[in-house]
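This is the structure I want to talk about, given as structure tokens.
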Amino acid sequence: MKRTLIMLVMVLLIVPSLVFAAGSKEGSGGEDLFDIVLIGKLEHPMFDNTFIGMQKAAKELGGVKVTMVNPAEADAAQQVALVEDQIAKGVDAILVVPNDPGALEPAFKKANDAGILTFTHESVLSKNITFDFEAFSNEVFGQNHMDNLAKAMNYEGGYICFVGNLTAVTHNSWVDAEIAWQKEKYPKMYLLRDRLVSDERTEVAYEKTMEAIKTYGDKLKGVIGSSASDPPGAGLAVAEKGLQDKIAVVGTSLGSMAGPGLDDGSIKVVSIWDPQKIGYGAVWVMKQVLEGKTVADGTDVPGLGKIDIQDKVIYGDKSGILNITKDNYKNFTF
Amino acid sequence: MKAKHRIKFDSSQNELNQSVAYFSLFVLVFALMAILQPRRFLSGINIQQLAFQIPEFGIFSIGMMIVMISGGIDLSIITTATLSGIISSIVLLFLSHRGTMDLGALLKGIMADDTIRSGLHATMPTGISMIGIIVLTIFVALAVGFLCGLLNGFLVAKVKIPPILATLGTMRLYEGIALVITKGAPLTGFPDEFIFLGSGEILGIPVPMIIFILAILAVATLLAKTPLGRGIYAVGENPLAAQYSGLDNSKILMKTYAITGVLAGLAALIMMARVDSIKVGYGNSFLLQSVLVVILGGVSTVGGTGNIIGVVFSVLILRVISSGFNIMGFSNYMRNVIWGSLLIIVAIVISSGFRFIKKTKHIDEVISR
Amino acid sequence: MAEEHCIVMENISKSYAGVEALDNVGIDILKGEVHCLIGENGSGKSTLIKIIAGVITPSRGACITIHGKNYSKLTPVDSMRQGIQIIYQDLSLFPNMTVAENIAINQLLESGKQTISKRLIHEIASNALKTICIDLKLETLVGDLPIAKQQIVAISRAVACGESLIIMDEPTSSLGKKDIDCLFRIIRTLKSNGISILFVGHKLNEIFEIADRVTVLKDGKSLGTHDIHELTYQKVIELMTGKALAISNYERDYPSAEPLLEVRNLSKRFQFKDINFTLYPGEIIGVTGLVGSGRTEMVSSLFGLNPADSGKILVNGKLTPIRSVRDALRAGICYVPEDRLSQGLFMNHSIKNNIIITIFHDLLNRLGLLESGKVKQTSSLWVKDLAIRTPSIELPVKQLSGGNQQRVVIAKWLARNPRILILDGPTIGVDVGAKEEIHKTIRALAGNGLGIIFVSDEAFEVVQHSHRIIIMKEGQVVEIVDSKDVLETDLLEKID
Amino acid sequence: MQKQQQITSKLLFRHETILFIIMIVFGVVVNSINPAFLKVENLFDILKTSSITGMMALGVMVVMISSGMDISFTAIATVSMGVTVRMLIALDKGNIVVAFLVAGIIGALLGCINGFLVYRFKLPTLIVTLGTSSIFHGLLLSILKIPYLYTVPGYYSDFSRLSLFTFTTADGAVVGFSYLTVLLFVMACVVWLILRFTMVGRGIYAIGGSIEAAKRAGFNILFIQLFIYSFIGFVSGVASIEYVVMFRHVHPFNMMNMMNMMLNVIAAVVLGGTSINGGTGTVLGTLFGVWMIYMITNSLILMGIPSEWESVVIGFILILSIGVNAYQKSLRKVEVKIIES
């Protein structure tokens, strides 16, 4: 008796959730719209914001319907499956923020064969695509981080760099650019050790910064983070040791995440691109392409500015970098 | 009269019933998806997608199944695959670009420089050696998997570390070695002949699917028809009795883990060939899923019982559900809720299916009345 | 009424899925008596005690009176409150806890205390041990104790609760003579304290030694309660098995072939020392001694489970070092272990798969795969040969009864066609009828020229069924006697 | 004489002792590479950062003693963290004590569901918790829609700065003994008391030793199972608030995304001498196990190990220390056998 009751509850749990889930994401709309799908790396406000930009574009430009699906974990295999499912679903264009660019190529190829256009974001190496969208080049972004850090640590002393994962291509190219730029521009500064890995987790960035403080003592003057949770983690460690005036933390992050650190001075400045703008610009470009028009180098794209097309990569202009500080972080919704 | 009723419950019958149950569940799920989304789900392309998606995950799952039948678990299965994929792709890339650059430069070059690679393709000697190179690559991948598995087996069987801990350690170790070799960079640019293994078709059937089916047949034969297979079941069910029966437990365990390692190597090959790249961290989400599928497939969590049919059907069921949900645009989290509920429901059904037998404990006495 | 009843049960019936396990059974236990409940396996003994414990509810119409109080339905809590305590065959101890904790735990539970202290636990435990006049180290882990001492812990636990009725389910099945004497002494002490004992068992000599009254169950029906003085061995066996049992004496042809196995100066540190004996084809050698006398250690060293430190083993006159189980198997030595559940069987696997586990190499086809035809044929053959009662060879072994399970273990080894078969306590936990069948099997095997080493506690059994007897004590051979020249009682003396 | 021998050998083979020796050896080795390691400041920091893992490890230990396994605790932690912090913000009141309590209670309730399923259907605990872990986390994310929260009320971070006592070291750094560590120690004591001095504690060991025997002895299995699983739920809830205290944000993945974290906790508990098959386990051993793993992972930078070697080193040391332990255990078995005979 009780057993059937439990089973009933379980079934009741499943059925409405099916309905609920089915109803939640499927937008209504006529069949004549272009179907564009955004596939993020995982569920994250960054991609939500990109999607908001896309929705805004869809509304303002018309003729486009946008949806979003994200893998439950930041895993390339799941993303491949998602792309393949979208092919089956028969959308018109897919915009992916790849976890692993290489892994998606065959899926992209299949999509293209099925007449679906593929686009990427944050993935300059992708091949089977129409365009990749970048707010700016990795090199420029890395140099921006280094400029910020150098200024904050008064152009001298030792520093360390975090990457989210050794396998994160963009993070590594930022760090490469940072180190090269420092060697070129700031001779009094020096790298204390090889890049550290944060696992894209605040607590790991915190623990490793703590350890670095102990290991290098007074020599450590600066920390650059690559994943959005690195500066908050490093900032926490700095704040806890009361070293706000001695160690500068900069890097990639969001205003919302870095806010507390910016407030107490443990984080000096964080940089980011505006995901809504990118989303808007991407939809603008994708719509052009879907309508069979060409997008030329130097076009002024809303959201991206004057674009620079290299091979298949569309770089926005340098105005795309947002440097967020204590004074302005509250102006941003992400 | 009454006795006749009872005879139904012998174990082969049970196994058969179980297989029928899994099969009907599969049909049910498939039909449900087909009814809900007939146009999209039943489209040729989706069915083919499924056929491409299932094999790598499926092979991991049957690998996990083998160790779980032996009473263990292999948490290092994914990183074993990563490591063997990386080492074998170095061999593949090195040999197929042979004579034009050294290994170090190759490793550095792989990541970014597309032009070098296409140039290399042009200069590469064609025909004769490519098959040989691919065979060698396959051999290396399987061999690395074998060695990784052997180390797991050694730690479990000889050093007597609980499997969950031993493979947790080696999971980090293999991942680490792979990171040290590549520094995290992906390896890509495999020759098209190799890609065929992952994306090609023979008579309309995807090559990975063919490999998967062969692997199923091989493992099924191994488990049912070989002394080693029976030994794996025996060690999982009762290691002491196995020892008393003259089986060499540690040898069996070493072989078990080694076979799982080889399967991980095989999965790595398909993975590499399917996505034309290999990188540390690829496929990490398969780990818990494969444990889930094995349990869902009716393998006892303490080892000793379970059969491959259940596991293979669980793989199919989960894949169909998840693909169907993707098409319908479900959120992943809702899917997790449904998976979790499904797992518990299946477990309850399985356990209550056996409850009747537990009560009439000594069947022979009942019959002999 | 002069004698006070502890418990009276009438009209007890119970059926599982239409099969009657108990049919209108009645039993009454007097205060301060030792009441024996006997019957073959499957006769309903365990169902009956589970009903007394309240674990199983009987069919309607049952009438249970405990200390004058009527119950139509008994719950485990009622049963415990009324001072009924069961010592199960598996003892139901906690191997990971200390002796003191194991003894005290039931009393603590009953007292409803939520907190405990070590002092209290020790007090309860030492009191209980004092009651039965036994000394045990309180801080030892029970899992580290030998089985006989575990039994004492289980009894002490029941005593600690101040019970009025203690039910012992085959308590002597894993005990040596000395331990059994000790147990009986404890039982008598308990009896003199006014505690009733329901003694479930099947070793007749014990029953005649300890029982006041006997209730016999057969096929779920009671064959009445008898005063022990009204009964004889013969009568009891007839009641239990429903047929007159001929105790035939073993044909004691002295074998005259070359020796099959010679053991010379076999020793292992801390376990046994200077073992010497010879085994001839067709001979049954009984090995007996107390638990801890080194008998199991010695025979398991012959099987390579516990390789000896020094000494020589000759098989067929050839020096054969046995360092592992495989060495032993190669030499044609097989071993039926003492604990068939944990050492002999794969409970969830089919009978077929249990039997073929030792003979894979015979069943392979040219591809090196097991041939299912041969597998079925071979296993069915053995099932038939050893008269294992089962509807199918695909049935999991756990669904068989003890006697049949034991025969599966024996079949597994016979399938290998051994020359020497070591049987360690093959009749433990097997009832009289099944025991006789196992004895028959053993004799038939010896008749086929096998050399058999037969380890057993039961002097009666050893004298009846072997040519010669090795008596072991403290790791050494006391004497090797011809069973013609020894009486059961002599043997018992020599063992101690 | 013989007795003395037995006692020394017992001490030698005690799990905690071996673990302690390994820890000391490891500490000395690291310290010889970088003297910063054995400074009080660093040790206190390790104690503080390991307190979250330690808290969860206590719960896992209790479950494992009862011969169960719970892998839903990270999901429970995530759910109780998300719900608690949100709820208190929405109500616009609350303080740190309330937060700890509410999260603990939510965790305990979720744990109760596990306990009930385990008891009622006699299912393998691994399956139940594997199932509920995706259910809990999935429901949190899809129905409750708990987003990221990067600004949390001040009382969380205030608590993080509180120290039981502080002192200044020779080189001028201010070192504090965090209340988070105190919390772990208090919880460890509570667990120790429960396991040692209450009938529930004995019941947990009893179930781990033999559930059938425990039933026959008259233990209330339902109550004990509910206690076990709601206890691990409770400590997971508490640990989740510790997370908010330390890192000042609510994140639906960081705690959950920790398959590594989950495995680390389980590894720590097993390393600490708790048997996977149930029945044995001590609080001290578990704490040692946690610290051991923390010492390994938090000394890699001090030792100057390049990032790409991290996994290799961790894997290697893990295998080594577990191997030594396993080997020592098999020695003990032989020892017991000899003493017995």
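Order of writing sets the labels: A, B, C and D. Residues in every chain begin at 1.
Here is the rule we use: a contact is a pair of C-beta atoms (placed from the backbone, for glycine too) under 8 Å apart; a residue touches a chain by one contact, two chains touch by 3 or more.
Note that the structure is a prediction, hence the values are computed from the model and not measured.
When every chain is reduced to the mean of its CA atoms, the largest separation from subunit B belongs to C. Annotation: 70 Å between the Cα-based centres of subunit A and subunit C.
Between the Cα centres of subunit C and subunit D there is a gap of 43 Å.
Computed centre separation for the pair subunit B/subunit D is 31 angstrom, with centres defined by C-alpha atoms. Counting partner chains per residue, subunit A shows two or more touched chains at residues 3, 6, 13, 17, 20-21, 24, 43, 73, 166. In subunit D, the residues that touch at least two other chains are 121, 135, 141-142, 308, 310. Under the contact rule stated at the top, the pairs of chains that touch are A-B, A-D, B-C, B-D, C-D.
Subunit D contributes residues 197-200, 202, 205-206, 208-210, 212-214, 216-219, 278-280, 336, 338, 340-341 to its touches with subunit C in the complex.
Interface of subunit A with subunit D (complex): residues 2-3, 6, 13, 17, 20-21, 24, 42-45, 73, 166, 193-197, 201-203, 206-208, 210-212, 214-215, 229, 232-233, 236, 240-242, 254, 256-257, 259-260. Residues of subunit D touching subunit B in their complex: 117, 121-124, 126-128, 130-135, 137-142, 259, 263, 266-267, 270-271, 276, 308-316, 318-319, 322-323, 326-327, 329-330. Those residues of subunit A that touch subunit B in the complex are listed here as 3, 6-7, 10-11, 13-14, 17-18, 20-22, 24-26, 43, 67, 69-73, 75-78, 80-82, 84-90, 100-107, 114, 125, 127, 165-169, 172.
Across the complex, subunit B is touched by residues 16-19, 41-42, 219, 305, 325-326, 328-329, 335, 337, 342-350, 353, 356-358, 360-361, 364, 368-370, 372, 388-392, 394-396, 398-401, 404, 412 of subunit C.
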